[in-house]
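The structures come next, written out as structure tokens.
In what comes next, subunit A is part of two complexes: it sits with subunit B in the first one and with subunit C in the second one.
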Partner chain A sequence: MDEHEILEVIGKPYPKKDARIKVTGECRFGEDIQVSGMLHGKLLRSPHAHARILSIETGKAEKLKGVRAIITGKDFPGILYGNFINTRDYLPLAIDRVRYIGEEVAAVAAVDEDTAWEALDLIDVQYEPLPGVFDPEEAMREGAPLLYDNKPRNISSQSVWEFGDLEKGLKESYLIKEDHFQTQSIKHGMLETHICIGYWDANDKITLESSKQSPYAVWRQLAMGLSIPPHKVRVKQTFVGAGNSGGKQEAMPMDFAAVMLSKKTGRPVKIVHTMEEVLIIGHMRHAFEIDLKIGVDREGLIQAVDFYAIADGGAHSSIGQLSIFLLGNPMMVTYKIPNVRYRGYRIYTNKSFCGALRGHCGPQAVFAFEGLLNEIADELGLDHFEIRKRNAVTPGFVSLNDMKITSCSFKEAMDKARDVSGWDKKKGKLPKYRGIGMGASGMVTGSNIMGLSNCSALLKVQEDGTVALQSGATDVGQGCDTVLPMIVAEILGIEPDDVSFALVDSDLTPMDPGTWSSRVTFYAGNAVKAAALDARGQLAQVAADILKANEKELIFKKKMVYPKGRPDQGIELDRLVRHCQNRKGMTILGRGYYNAPADTLDFSTGKGNFAPTYSFWAQVCEVDVDPETGQVDILNIWSAHDGGRELNPMLVRGQILGSSVMHLGQTLFEGIIRDDKGKTLNASFLDYKMPTFMDIPKCQEIYSMDVPDPEGPFGAKEAGEGAGNPSIAAIANAIADAVGYRFKSLPITPEKIAMAVRKKEQREAL
Partner chain B sequence: MKSTVTHPTPKNPRSKALEVFSAGLPNATMRLSDLESCLVPAMLGEEAVVKQEIELRVNGQIYEIEVPPWRTLLEALRDQLNLTGTKRSCGEGHCGACTVIVDGKAVSSCLMLAVEAQGKDILTIEALSEGGRLHPIQEAFVTHGAVQCGFCSPGMIMAAKAFLDQNPEPSEEEIKKAISGHLCRCTGYVQVIEAIRAAADRMRIG
Partner chain C sequence: MRIDVKANFMIPGVDRGSVEVEENATLGDVLTDLGNRAKFPFIGPDRKIDPGVEVLLNGLEYAFHSKRLETHLEENDKVEVIILPMAGG
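Let's look at the complex of A and B:
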């Protein structure tokens, strides 16, 4: 396909394809699905943060009218499953030990939800409470209670790497600054809780219909935890009511319970989490204690970085092995760092566990780095943008740990953000308690991780000239159900409405790792593009024969296929397809896969370019702070990004706005609160406060550099997570500018601000 | 109102729970004694479930169903009337996902009992589009990028309708306030506000 051809579909703001059925309420999410003969399941949860399970008596519960089956951990093979070989520590249901309040120990299937809830109260579990640890520093000490006997000092995983010569770099630094930063755990906040329907049939085939954003990851984990071959497992995704990673990314106890209860009862079993359960269980963002040291020369060029972090990981590893590496990586793909040491330790504690959440440690890392960098800039008298431009990665740069920057319009994005925000007119010139701040960051566009990099697509070109597209990619609201069909439509010269997009079914749709790491547009887009080109090639071969034209000069546009320059001498696409079918016995099936030019990350060395390309973000934020109440009014956020070409600007805008607003929550008020015995205190939306309509900035402006990436499908890079990376930093830096005091722990609540202002005013009065 | 009772009437019907419960139902059309006779047996942990036959007027249609008194309007709509367009999310009235319109007002259906909803005009998301044609608010949500995962959309659309029906020319601040009880984790709200403004313009034109 000629790269310089005018694009008919790509770049247009097509509405999301499933929006119509969602606004009418017709769209069936998981909980809306009723299956004939279905039972309802509920999970019994541990009230103890750390305890041995001595016995579980289910007799009384089994006698309750309407109860059909009860299972415990002993009903499963006892095989640990999870994300990484070295850190797998999940069991479907706890067998002899519970490690956090809320951990699942039994499950009930009953004729209705009320009965299932009631049955849980009748299950008698005898526990022997064990001493617990709730603070990572304490958990790491010798003699602290261990969560896992084979994990000394409760170290769940670690990422330790050093490149260059840190000591030399620090010695040669003109100015060194160091500080301590704290970030909190937040939850994914999706409105749809977790839901699954499990069925174990007479052929020992298991079907799990569930709200999952990575169905194939779940497929593998289910097979592993049940100790059955993968072909005996079928995972069918339902429409996903948002996820941001977490439980919708993995096989959860509810999934195992549903299928096992189905085995016992011979009926489909549906399990739905309440929102309270969602807020109590694991799957949330890691909380960090960060010690950061940056050394620069007189020009503000970074000479050395020493980054130390302790992650409060909670009771299970989840995807933590990756998380603890990812905290250290954003700086490596944002700035040129010649000497670096990163030491990250993820610690087990007897609390609900942490994993991936949109941005995956990026926003927290950038918050710390951008904050300290501003301290350095201020001391050197350097403009905040200037110091970043001096250090910014450039096209072709390779970091010390092998991250390869290819397309990069980072400096241009920074210039744009500076310009549109009116930075020069405002910085240092705003009235008291009004501030302007910025943050900048690079972000991976997909990654090769976890042995889940295989990405493929299949499509049928149908006799009416439409396409049935099957990709393993999952739409969670970001719009791949629209963007992937747009790619097909562009290549075959049809409309996005002519391309249907299938829900993922592991029996039918081809493999894809799922929706995470901002990979879908890039990876799945390239796979879909390959499949569409494959189909097009088959059609072109036949058309060339019919039209007596050169195959390579055929244009597919406006549902016609014609020789270049002769649009009136072509054939309608649907007629061509029918000709292939009827005259040649050909079914046009397009097949494609994408092997990203990325390496695998070596966790032991921290080296390996695991992403095929990177996006770049610069954000400026202007705030108004009330010195008495500490309330922060976000006036404006300007966001400039290098995300390659925007395949669908309306959907990209939605991603950027969504990610920014989400992170203002973490910056200003969000956070899971637990007491010192590991109990979640705000397990309700009343107390777990997320941003509302009233919290959004008065104005948000978004600018795209719109420079196509050479590898991305039609030049696209990512948009799902990158916007969130600099968000916390930009807001925090704006608050620091407004108040004259830098807050280093999140969330930056009104109380913190008001107290700081008061202290500052007292000091100034002296 | 008939009640189906499968055990003898208890001799001591009052209970602390009943007092607390009935205090929270200012708009209930039931008499307190009716409440007592059907609620108390269940609260005393007795096996019999006391269901009531009620009539609900939903989207212009009359439905006759049997519900235990604690069944919420949300549950009745979804589980018994199969109107699953209204979503269950927090179940506590904090997120707005379960919003329906009752006698012209936006209501969190998870906070209303099915028995309370008798005699009222209930409108759910299913009633908004007519003959395949989307209501202007639905259309605007589609064209303005206000729908990502779509789980919060039905609730927001119903709240927007109840609001715009009373306030056809709202300012942006008024729109934000009217719909501020709705949580969304995907969109960041901006495109929703834009959609409602566009819908208001379109509805005024007619």
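Let's look at the complex of A and C:
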């Protein structure tokens, strides 16, 4: 093998760079930041799901000892901000109307948190309650109360597209199955709640320190909502104590309140959400009502799909226009579908709003599709893997909505999952109440939805041969703080520990879209690779002159630079850097950027190859079900993936394990519970059931197809978020296999299972 | 005259990718008309294009046309309006 091609770093299981400071408690999260003179802010929230604000009286609260400032929506310019121009519906604080219980109407800054809480009780808000609407189907009916006067039928956004000839496809189908599926609203349980510290200085420069996973989105939204130019805003990212979206993507009322309270007081203001606040406000995962119809021929080949969905979007739009498109997309990058109609409607209701959470609508769609596909397979007498392999996308396939499949080892991943799980020995042969099920799915690697979808990187090679790397990418626990330095280390022949990774600072680090859509390793990785190659090129030019060698033939390895095949005739990297600095006045600065070869997504038609590549997942789950209690014991989850080359197998494994646990929670017990007036009833982790160590599968096995993607940095593509796409389906299908009954509504609680078992036994006894 | 219109979102009344406009219509006129149809303005009170959209005239971003929004259109000119999300998910 050519010396250039021997990988020293890539593919090795380097521990996450921040693991040590996190496990020892040394990591400085936003909550740990204390600034001299800092005040503490709290937010007053609406007790009404829908009401007009008649007046806000703050006089009593202002007189409370220790209160320094109180603001309301009228302290802001009253400009709507949001994600898309056509769905801007956020205000920093509500002005004349509230649309869900928990919506922010005022904020207090005080010398301590207790005083701020006490002051909130002294603010007198007069409301005129308005009729609310809590069910999306009711909200769509003519005459239903409107959340926004310019949004008829409460449609926040829609995605409607049709390709091929649906009627013809259904007519020519040998078997048509249809069913209704329901998924619930959940909240990812990031242990660090939202937090920010706002500063508004005398030069009108605003600084927000916050645990954001897309700091530049916050940067723009703050500027928009405050009606100031973006250069007046500086967003500094703190360590993020888990992201998974759920509100760390966008500017939140707390961010606006912190900076405005700082303006009023001349002091920094810190606001930290309680977990109760996190569980009653956005961003939630969308709850869906899905009507799905699939037609197949005698061989099980899909002839037509009709997918209709209503999403409960809550009171604001967030990124809803993309969300409602994405629900329909997984099937298009998983199976070859010749005729398809998709109609998705995202509906406003008087509930906390929904946005992008891990998988962004994929897991819910796959749960429905895979469940119905199994029913079809059973009726045709086909094995569950077999029907999927017959329909699976393959390399070179172009879907009807223009998704272009390039590298694709989907069928190989299915074969692997089948083999390692012992499927053939178990399916239909397990003891009563033990079941095995599978799920499969494709997943985008970094959607290009226009605007800033590309990534950039800057790096400085320092005189001791180490590198200071800056990209705009944010580590939210997924591991880019380690993988991006590994890419630099591979190219410059150093160790990952020799490369530092900077937190994002909008005044300093390169522009970046943020951490979403499984993009960071691919996009930022390619940008970082380009920056490292740029730096290596500069160093090689100087080294070639010193070493009397061809610069293209130089090898960078083990902190040495030497002509190919002559390691004893090289120069140490640190000496070379010092030579560049001291003799030539060259500071070695590498710069790189990357934009993916992808199209624009056309929301009006549903068309556009909006990702540079796609990953593929097959999962098998084996469960034991207690027929008396309905308790599900997950014995094993086998995941086989085509996520390209694993740049760091340890981190990929961490992603997949975490994703499985997250989605087993949604499958089995998680869910926001509200009363009929929109009040959240389980706003604490005592009542909102999250998976604990007791719920984690007994075993999880992970297999990579390890086929490099030609476009990805060192062959990588998405390898984490997609793991969750088939998880709900695989667990639900295993439960169906165990108890002989398919659950079409999430979560599949022990109560539901026990009831179903009892009814089945009663039927069988007759 | 007819102007080709392409957008990555639904604009009501855009018939098969084109609209009828008056002779001598400017790019600004067409964008105002399209904004009215879509029910959200693309041009702000300061006569600047909202940063939430990108506008191309015949494949070139509008700002690179010397007369910008005052550019007079000709038959079959192509106007593209692309909405840009601020963040993804």
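The definition used in the following text is that the second predicted complex is superposed on the first by the 761 of 766 C-alpha atoms of A that agree within 3 Å, B and C clash if a C-alpha of one lies under 4 Å from a C-alpha of the other, contacts with A are read in each partner's own complex, and residues count from 1 in each chain.
One rule holds in what follows: a residue touches a chain if its C-beta (ideal position, glycine included) is under 8 Å from a C-beta of that chain, and two chains touch if they have at least 3 such contacts.
What you are looking at is a predicted structure, and each value in this text was computed from that prediction instead of being measured.
Engineer: A:602 in the overlay: touching subunit B, subunit C, both, or neither? Say first, second, both or neither.
Structural biologist: Touch partner of A:602: subunit C, not subunit B.
Engineer: Can you tell me whether subunit B or subunit C touches more residues on subunit A?
Structural biologist: Ranking subunit B and subunit C by residues of subunit A touched puts B first.
Engineer: Would you check which partner chain A:696 touches, where first means subunit B only, second means subunit C only, and both and neither mean what they say?
Structural biologist: Touch partner of A:696: subunit B, not subunit C.
Engineer: May I ask you to decide whether A:516 touches subunit B, subunit C, both, or neither, giving the answer as first, second, both or neither?
Structural biologist: A:516: touches subunit C, not subunit B.
Engineer: Touching A:323 in the superposition: subunit B (first), subunit C (second), both, neither?
Structural biologist: The answer is second: A:323 touches subunit C but not subunit B.
Engineer: Once the shared chain is lined up, is A:275 touching subunit B (first), subunit C (second), both, or neither of them?
Structural biologist: first
Engineer: Go through the superposed model and pick first if A:450 touches only subunit B, second if only subunit C, both, or neither.
Structural biologist: Touch partner of A:450: subunit C, not subunit B.
Engineer: Applying the document's definition of touch, where does A:86 land relative to subunit B and subunit C: first, second, both, or neither?
Structural biologist: In the superposition, A:86 contacts subunit C only.
Engineer: Which residues form the common part of the subunit A surface touched by subunit B and by subunit C?
Structural biologist: Touching subunit B in the first complex and subunit C in the second, no residue of subunit A appears in both lists.
Engineer: Once bound in the complex, which stretches of subunit A touch subunit B?
Structural biologist: 13, 15-16, 18-20, 22-29, 31-32, 34, 65, 188-193, 239-242, 244, 274-275, 476-479, 650-651, 653-654, 657-662, 684-686, 690-694, 696, 700
Engineer: Residue numbers of subunit A touching subunit C in their complex, please.
Structural biologist: Touching subunit C from subunit A are residues 82-86, 88, 150, 214, 216-217, 220-221, 245, 249-250, 318-319, 321-323, 355-357, 360, 447, 449-451, 453, 513-514, 516-517, 519, 600-604, 608.
Engineer: Hey, which residues of subunit B end up touching subunit A in the complex?
Structural biologist: 47, 78, 82-92, 94-95, 97, 124-126, 128-129, 134, 138, 141-145, 147-154, 157, 176-177, 179-193
Engineer: Residue numbers of subunit C touching subunit A in their complex, please.
Structural biologist: Answer in residue numbers: 7-11, 38-40, 42, 50-54, 82-89.
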